[in-house]
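Two complexes are shown next, each including subunit A; its partner changes from subunit B in the first to subunit C in the second.
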Partner chain A sequence: MSTETENGRTAGAGAGSGSAAGAEAGTTRIHNIGYRNYEGSRLGRAYARRSLYSQSLRGAYGLGRSAKSKVLPMILFAVMCLPAAIIVAVAIATNLKTLPLDYTRYAIFTQAVIGLYLASQAPQSVSRDLRFKTVPLYFSRPIERVDYVLAKYGAMASALFVLTGAPLVILYAGSLLAKMDFADQTKGFGQGLVSVALLSLLFGGLGLVLAALTPRRGFGVAAVIATLTISYGAVSTLQAIAWSSDAIGAVKWLGLFSPVTLIDGVQTAFLGATSAFPGEAGPSAGVGVVYLLVVLALVLGSYAVLMRRYRKVGL
Partner chain B sequence: MYNPTVARLTYRALLGRRRAAILFLLPALLIVIAAAVRALNGADDQVAVDVLGGFALATMVPLIGVIAGTGSIGPEIDDGSIVYLLSKPVQRSSIIFTKLIVAIAVTMAFSAIPTFIAGYILNGNGQQIAVAYTVAALVASIAYSALFLLLGTVSRHAVVIGLVYALVWETLFGSLVAGARTLSVQQWALALAQRIGGEGTITSDVGLPLAVGLLAGVSVLATWYAGQKLRTLKLAGEE
Partner chain C sequence: MIATEGLSKRFPRVTALDRLSLDIGPGVTGLVGANGAGKSTMIKILLGLSPATEGRATVLGLDVATSGSAIRERVGYMPEHDCLPPDVSATEFVVHMARMSGLPPTAARERTADTLRHVGLYEERYRPIGGYSTGMKQRVKLAQALVHDPQLVLLDEPTNGLDPVGRDEMLGLIRRVHTDFGISVLVTSHLLGELERTCDHVVVIDGGTLLRSSSTSDFTQITTTLAVEVTDTDAHPDGTRALREALTTAGLTLHAGTEEGLPGAGHILLIEAKGEETYDVVRDTVAELGLGLVRMEQRRHHIAEVFRPQQNTDAPADHATDHTLVKGGAHDEH
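And then the complex of A and B:
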């Protein structure tokens, strides 16, 4: 208390030290310490949304974060690209006329890596905001709920698209270097890109919804990976049993219940892929419409759940 | 060695509120699948082995092991509240031991019991398959809990590392490289199941004596080392 009174006497601005200030009213002064209004341009909502998007996208690869948090996403990115590089190298060395692996098949083969990436980065993107209570700080900026959700969703989907698209670019560049048929390869590459774009949207949405439900990173990681692997494990076990017991009709309907098989079904029906289902019993175009509808419903559904989730900033 | 208060706190952390939901979801799914398969296909020993081996032991037990093992200590280290526990006059090794017991109990309860029920639904314990896989799930629970509890004390990314081991190493490498199967908790547990199950129904790549030795060795070593790690625990700052 004594220091306060002293400050009040010398600076004269201490409103709390009433008696001292009153006694020496003659020496009390108010200093202009130069507070000013901001007169520059206001960058506004679109800018804030764009910044949040680019920060989240960079954060998904550990850019702008500590060296330790770069390790995992970069390793997973390398693991994702390595098989593509090997395939291209083999194809060029042995003068193959076509790639030994379809563009559309690549993401299905590497689904474990994609799942791990999503599980490690989706909670990183949203759980930490919840845990350190930074969500209210975002909303004190001129952004609204829809901006936050769109920026986070967009960033997660873009990060997944980079992860899944990069090996396809390697395959495509390699196939052109190996002088494979240009029209054929471009068509396959285009189909592959559409398929991974759909996959990125679907996985990104599911991952964010699960991660936004818990402020603990660990639980978020476990929830995402459990959803992906358990649903895939259950569906492929059931499909194998249905196929071996001659209920081939059931195989394509079972595929509706896990994200990976959904993407597999959509690309088999519309993007000229060969199905990874047992007996290649993928859906025809008719059933494929159901697959596409389910995928779109899940994408829109995750957006709606996220919007609902962020009505309240806490949990 | 066993501290009831630490145990109570750990049970709460593991099963409190929504966290238990994910633990209930997996066993429920297994039983639903078992019922669906039975309805679709009738009782069949080979199908029972496929479902229990492919889904229960290969996917469900490791996942629950990761959640219970790392979840019993990881979040506390993560948010720094472990210091309040460490500052009490309780031995570090007995904290680890208690947490291990809790993790084992939770993993066993949520993996072995549903495996047993699913086995009965699938083929009514024909060829002792349900019992064999239940025993496998029980011993795998011990090893997984010890391993993942150790991971929880070693790294902040314990869950991810644990999942990489459970999914990538055991499933992916295990199916491609034969040597990797020798170093897999799942195969050690299967060795016991092979002994109990009917002739030729369940196969493992590891001999029984080696499997038992490795299971016991890994569990004891992991627990001891986790206790050592906790004695010299450094609380890392936030990234």
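And then the complex of A and C:
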């Protein structure tokens, strides 16, 4: 098997000087072997979908792409992990009994970084295929539309999960090193992971839908950033107004209108988090069900919109 | 390889294919038609990506309506438009497309190296595609269609945008795909003349209906014509005329000078070749007269001539004389 690769490579390197290359190689003789048919296995549709998934996931961190495209995702990943490392260092040095920041709170604090990452990588994942018309090529392969959408969505959500889950792992490892209460920390870590998993699905879906609207990367980036910041800015402003004008009941309902506050609401109601809403007036379990339903509806809606989006793109 | 039966595709406003029945065997087949004749629609249906309005089609014996995925695993497709991301190398891109066709990682890498070499990409395959020339990009597009060793490739206008040299190279490559690789080819073009050298079989469609389907030899070898040019000598100051008279005496049919306008037309004799013996007669006659034989070559009719309304009385009579095709063919005559 390795000899065959060697053949291809050497013949490629020196088109006209195949014999010279063969002499240098000594042990391996280079023959012009002509065309060889492929008799090996063909792994079909599910394998092709997995290949697209792993290629997209690696691509979301610039792996397998140019050095330039690794810069931004790697910087954002480092920025995401740095606060966790600092917290852990401080906690160990000062012998804290609990972490100064909840696991569930971490993603809320770093939402700007997550937003930037999504804005830069979602268009990279889908706009490129649209812009350079690679999509029809994919559909000339065994995969179907549903495979393409699932692979891209799965890869984006996984990339976000890696981004948001890594600092939680650092916090958890640090808390164990600092000999904090094991059961307590494990429970918090678990709740944190569930929360960021939900966040990854929600953000990934919204990001891809916005990015897939246009083949222009720049528009995609702008659309994602605008959607996340404007919705959050508007919601938190209105919540603050409602809070200061004593309309406390409105605070928890307003939270339904931006992705970050949605996640905040769900984890306040079900994952033991302390809400970041004004006055910590997060939703109770009853209203929390509404939050959860809205999140699920958005995730499924994103999937449906993506499926619809690619209906017309085949060839 | 491909069979269609009463295949129709209707869009709300246009009928792209109209009850098209075809049977395409192994080899290189040209699918010719003007822009909008239904070539791309046909390819979409054959890949199982677009359902036919009525009728049925099979590719490699598989029904396009039910076995699209299985067909696409065994068929390669080279689109007409650009489809290459500029920021990855040809190797990376083709490896990825090989895996998308179901090849395991190691096999994908090996086949990519092989295939890129076969289409003529060497050192440059490690550089980003963005810096490639049009000819190189076309080769990458062809490579991704061949990398999974399909039984059939569908090439949509592969010579688009290439200069004459690149065009010839691409056509030679397409020929090799069948002769050396053993892969059958369906190649579309709106240029009739291009397919003459490349294809074994040509299918002409227009307005979604079948205009003609026959082998290239039927098109071009209805009559084989021999073109002969000789020198003048002292004994025969006009060698051409002397030869003409001698050949007529020998019982061969000579055409009137139909090569008007071409340089040296007056000195070329066009002789109807009835078989092998015609060559011998010409050779012997030239030798007897003591003339220098400048050339003796087979003149093939161009496919385009077959569709041209014939004024020449010596040409066979059954011709499709569709106007758009006549124009398309004439353009290609350079």
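Throughout what follows, the second predicted complex is superposed on the first by the 275 of 315 C-alpha atoms of A that agree within 3 Å, B and C clash if a C-alpha of one lies under 4 Å from a C-alpha of the other, contacts with A are read in each partner's own complex, and residues count from 1 in each chain.
Keep in mind that, in the parts below, a residue touches a chain if its C-beta (ideal position, glycine included) is under 8 Å from a C-beta of that chain, and two chains touch if they have at least 3 such contacts.
Here the structure is a predicted model, which is why all the values come from computation and not from measurement.
Contacts of A:Gly249 after superposition on the shared chain: neither subunit B nor subunit C is touched. More residues of subunit A are touched by C (comparison of subunit B with subunit C). Once chain A of one complex is fitted onto chain A of the other, the partner contacts of A:Gly233 are limited to subunit B, with no touch recorded for subunit C.
Once chain A of one complex is fitted onto chain A of the other, the partner contacts of A:Phe219 are limited to subunit B, with no touch recorded for subunit C. By the document's definition of touching, of the two partners only subunit C reaches A:Ile143; subunit B does not. Contacts of A:Gly286 after superposition: neither subunit B nor subunit C is touched.
Contacts of A:Ser66 after superposition: both subunit B and subunit C are touched. In the superposition on chain A, A:Ala112 makes contact with subunit B only, while subunit C stays out of contact range. Once both structures are placed on chain A, subunit A residues 65-66, 69, 132 are touched by subunit B and, in the other complex, by subunit C.
Residue ranges on subunit A touching subunit C, taken from their complex, read 1, 4-5, 8-9, 11-13, 15, 34-38, 40-45, 47-48, 51-52, 55, 64-66, 69, 128-129, 132-134, 136-144, 314-315. Interface residues of subunit A, counted against subunit B in their complex, comprise 65-66, 68-69, 72, 112, 116, 119-120, 132, 213-214, 216-219, 221-223, 225-226, 229-230, 233-234, 237-238, 240-242, 245, 247, 250. Those residues of subunit B that touch subunit A in the shared complex are 18-19, 22, 25-26, 29, 33, 36-37, 40-41, 47, 50-51, 54-55, 58-60, 63, 66-67, 70-71, 74-75, 78, 157-160, 163-164, 167-168, 171-172, 238-239. Listed in rising order, the residues of subunit C touching subunit A in the complex are 40, 43-44, 47, 49-50, 68-70, 72-73, 77, 79, 81-88, 92, 96-97, 99-104, 106-107, 109-111, 113-114, 116-118, 121-123, 125, 128, 144, 148-149, 180-182.
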